[in-house]
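Would you mind keeping the following structure in view while I ask a few things?
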Amino acid sequence: MITAAPAPFGQSSGPTVRRVNDPLHGDLLEVSMGPQHPSTHGVFRMDVTLDGEVIVKLKPVFGYLHRNHEKIAENTSYLSSMPYTDRLDYLCSMSTNWAYAMAVEKLSGQAVPDRAQYLRVILAELTRIVNHACLVGFLFNDLGTSFTPLLYAFREREKIIDLFEALSGSRMMCNYQRFGGCRVDPTPEWLAAASKLVDNFPRFLDEYETMLTGNEILLARTQGVGRLDPKHAVNAGITGPVLRACGVNYDLRKVDAYGFYPRFDFRVPLGEHGDTYDRYMMRILEMRESVKILQQAFKVLPAGPIMDPKAKLRGFRPKPGETYGRLEGPKGELGFYLLSDGTPNPYRYRVRPPSLINLTLLEEMCLGHTVADAVVILGSIDIVLGEVDR
Amino acid sequence: MLGSGIIKGLAVTAKNFVGSYFVPERMVTEQYPEDRPKLPENYRSFPLLVSETAEDPMGTLRCVACQICEKECPPQCIYIEKSKDKKPDATGKMQLYPVVFAIDTSVCMSCGLCAELCPFDSIKMDQVFEVAATNRFAGLLLNREQLAKSNAYYHSIRPVEAAEVDARLAADRQAAEAKAKAAAAAKAAAAAAKAAAPAAQPAPAPVAEAPKPPSPAA
Amino acid sequence: MEALDQIRDRLLARFSGASVALVTNPGPAAEHSLLLDPAHAREIALFLRDDSALQLDYCSNATGIDWPEKEIVETKKVSVLDPAGGPAKITEEKTKRVEPGCLEAVYHLYSMALRHGPVVIRMRTANRSDKVNLPSLTPVWRSCDFQEREIFDLYGIVFDGHPDLRRLLMWDEFKDHPMRKDYVDPDDFEWEPTPHAGVLDRAKMHYSAPATLAVSAAPQPEVKP
Amino acid sequence: MSDAIDKPVPFPAAGNISDAEREELRRHGILMTSLEELYNWGRSNSIWPLQFGLACCAIEMIAAATARFDIARFGAEIFRPSPRQADLMIVSGTVTKKMAPQVVRLWNQMPEPKYCIAMGACAISGGPFKQGYNVLKGIDRFIPVDIYIPGCPPRPEALLNGLMELQKQIQGERLTGPDAARHTRPDMPSEFSVPSYGEHDLQPTKNAEVWKPATPLTRSGKG
């Protein structure tokens, strides 16, 4: 669809193409990719300037899913924000729940019983597996395999989602963590089912890798594409697998040693080149490490209460103060900044979204590559629009 | 060899394709309208109001219109109007009751906070999810008649939780009865001592434990 | 990592003329912060990033806070001597003063190289209406890029020296700063079946009937007297 | 197979014979149908949705398309990225004010006959986010919605259920006569004006042609 006159900024849907006169290099094309685009993972938009097929400029445009989560949270009680955090990163509600609960516990100085700590690790790692499996599926969608790997990923996802549903009552919006513990105690049957699923998971991963990792098209399309150099990545605040793919050893599970992670034996996979292929491999390796953590956790899960007896649901008022709580979400550092003025509502509630900040260097990563590569690079960064725009 | 990776991948898909006819673990499709999904007990969709009996749901609603759920509901989809009079609930206590109790399921986010916070075990989460409607207002706004479901139904969807709730309520009721008896005995003793006190209205029932309803939001 | 007051002392020694104040945090988290004056903030930030003992190379979180003007009523007890010579009367004198508001930007810094943190730094604008400029820290930490744009969008702090200061989340034509505490939603009330607090007020405004709005559409239960 | 096909809604246009007679004929191997019925049967079993995910519900929409729920059993597995090829718009997630003009434009670009499913609380009414300043309180302020599926998010089965409702609705549509379907009538609008970004809000905030709220009743004051 080529229109002579460009639509006003922020109003075009679908690719609007306009010509920019440049006598030296011929015409540059300005293409608006998104917000409705099959491979922008939601309503993300990139204003791309192209020289032929090569990207010379790329400006991300946000806000198409800006749902005012922070404003709503500042007008409601601490507890009422918990179900909203599910909807931030809607693929990984369990770890977002935990991040928020952790920040509030830090703000109010609450303790968490051992069993709940272990359960949180279990659920966060299951979430990481779901997220990474789906991400790999979506990444291959962007590479043009159209659905097959995604079907495999969703087959496994459904099994884990069923576990979440049996535990928390909802497939995606778990609303499971509470300040000072967890909401529902899993039954022994649930734990047995989860443990069995985790034990079987490496088999799926092997199958998945046989199908995908050696694929020549994957290698050709991802190796050397979208390189990120570690110095820039650190300065740009990139976190999570994207940062570790360029070789920076910074995993909050090790650095902050939050929760009960120091009690588990696991390694942090690191990449070397910082390209799209490394980011893909990082997800596969992290899933294997998560399986290791889970297997240990199911062995040592203690009996006991899951809620701090002092915790209360209604009328929760933390003392005045501020805090920043963060954890290693599947997408990177997920933080909650909370400022309390002693009332039941937070005075300031801020989400530090890893998806948004990981996009800081998108332009640098895409320059010099083709449009098709930009889609793959975006896919390998792993964004969820609910979190980007909040 | 160039292409061996692709061939390996195709072998996997071929295995899965054949397996999807024979291997049970690869046969994942649920024939939904014919086969009902197996919902876990914890599954929650929209709220319901528990009434003690199916015959007289409005008369035996557990809800006492305390409006805690209305206040705590994050998307504010509950609307309650309190009654001006009181009537006895299932245990015989005089309680307020909701004249209007409406839940807008077109807004409800199914978070389950209302059920979690209800001190009277009155509002619980239903498991009905086939609620597609062609009219947003008439179809998706549920009033108390539509929300009321009997305790037997609650038992049928959540047997474990419902049994727990029933046991707790029975214990409360017994405690309340014992207390009422003690109070009545004490009163009788006092009355006997005074010997002249006129038999006033029936005792205003042991409402000691009933939480004070919060003032209306408006 | 050295304590925050040590950092402050080093900063004060190094940057003459800069004012660096310690803001204590009374909560259990006890994450204290440094309040920088905007004039020197950029140099101080560069120093914090490059100092070999600190190496705060990673700015994790940047956010804005709105502190509206507050009207504070102070009651003072004043003893007034009775001119007639009687005992002094104690009267309460109320003085009203308006505490000026400001917009604040808060940055959480960590060191990836030395794995410590956080060091929290904050800057405040002079007021909330016309002097809302702060120096941008994006040239120091690139991760502030989108976050400062977001603060500009939602709070209206203008970051001087930001390479590309546009609205991030709302559209460009939008005039308000919606995360400010005094922001009022545009009135697009239509009719909601379950009105509450603010919505209820709006409903009353739109439907001038003296009664409140309530549920309709579904069959109505009988109202008992 | 949906039960709609096993138990067809009676079509008066199918001729002068009753359903029972038709069933009798079918048992003898004679299939009686009308053009209208055949047309609707074909349409209802090949609904191509627009590949258009907004938020959380989009993940459940994708889940409905994957192997476990398999929307292909209803003929709706071909998600078209282009609105020009789509029959059905599943508004799956929160429509923000910034996104609303684009959604309306996509709707305008879809060819008739077209249908809209509002999936999830956010698309119906703004849902949990309806208090937000940037959230449109229901997509039905700008485009007509055929089926509302509440839930946050609705299960994939609920989406399939909504799709079956839509199939029933399509199968009941008439092509001629006074109550003919919307898309057959040239006087019915198929494109709607696109709102523009204002200084404080969308302009206009609703399309009065489309948005028909229920009339509020007034009743005795509360509290």
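Letters are used for the chains, namely A, B, C and D, taken in the order the chains are written, and counting of residues starts over at 1 for each.
Quick note on the criterion: a contact is a pair of C-beta atoms (placed from the backbone, for glycine too) under 8 Å apart; a residue touches a chain by one contact, two chains touch by 3 or more.
Everything numeric here is computed off the predicted structure, so don't read it as measured data.
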Item to check | Centre-most chain, if every chain is reduced to its averaged C-alpha atoms | outcome: A
Next on the checklist: If I rank C-D and A-C by number of C-beta contact pairs, which comes first?
Outcome noted: A-C
Item to check | Between subunit C and subunit D, centroid-to-centroid distance (C-alpha), Å | outcome: 44
Checklist outcome for this item: Taking each chain's centre as the mean of its CA atoms, subunit A sits from subunit C at a distance in Å of 27
Item to check | Whole-Å gap between the CA centroids of subunit A and subunit D | outcome: 31
Next on the checklist: Please output the residue numbers of subunit A that touch at least 2 other chains, ranges allowed.
Outcome noted: 10, 63, 66, 68, 71, 83-84, 155, 158, 173, 389
Checklist outcome for this item: Residue numbers in subunit D touching two or more further chains are 67-68, 98, 125, 128-131, 133-134, 152, 155, 197, 213-214, 219, 222
Checklist entry - Of all residues in subunit C, which are in touch with two or more distinct other chains? => result 169-172, 178, 192-193, 212, 214-217, 220, 223
Checklist entry - Considering the complex alone, what residue numbers of subunit C touch subunit D? => result 169-176, 178, 183, 185-186, 188, 190-193, 203, 207, 209-217, 220, 223
Item to check | Contact footprint of subunit A on subunit C as seen in their complex | outcome: 25-31, 57-61, 63, 65, 106, 108, 112, 115, 118, 120, 141-147, 167-172, 178-179
Checklist entry - So in the complex, which bits of subunit D are touching subunit C? => result 98, 125, 130, 133-134, 137, 141, 197-201, 205-206, 211, 213-222
Item to check | Residues of subunit B that touch subunit D when the two form their complex | outcome: 28-33, 37, 45-46, 74-76, 81-82, 100, 104-111, 129-140, 215-218
Checklist outcome for this item: Touching subunit B in the complex, subunit A uses residues 76-77, 79-84, 86, 148, 152, 155, 158, 162, 165-170, 173, 175, 183-184, 207, 210-219, 313-314
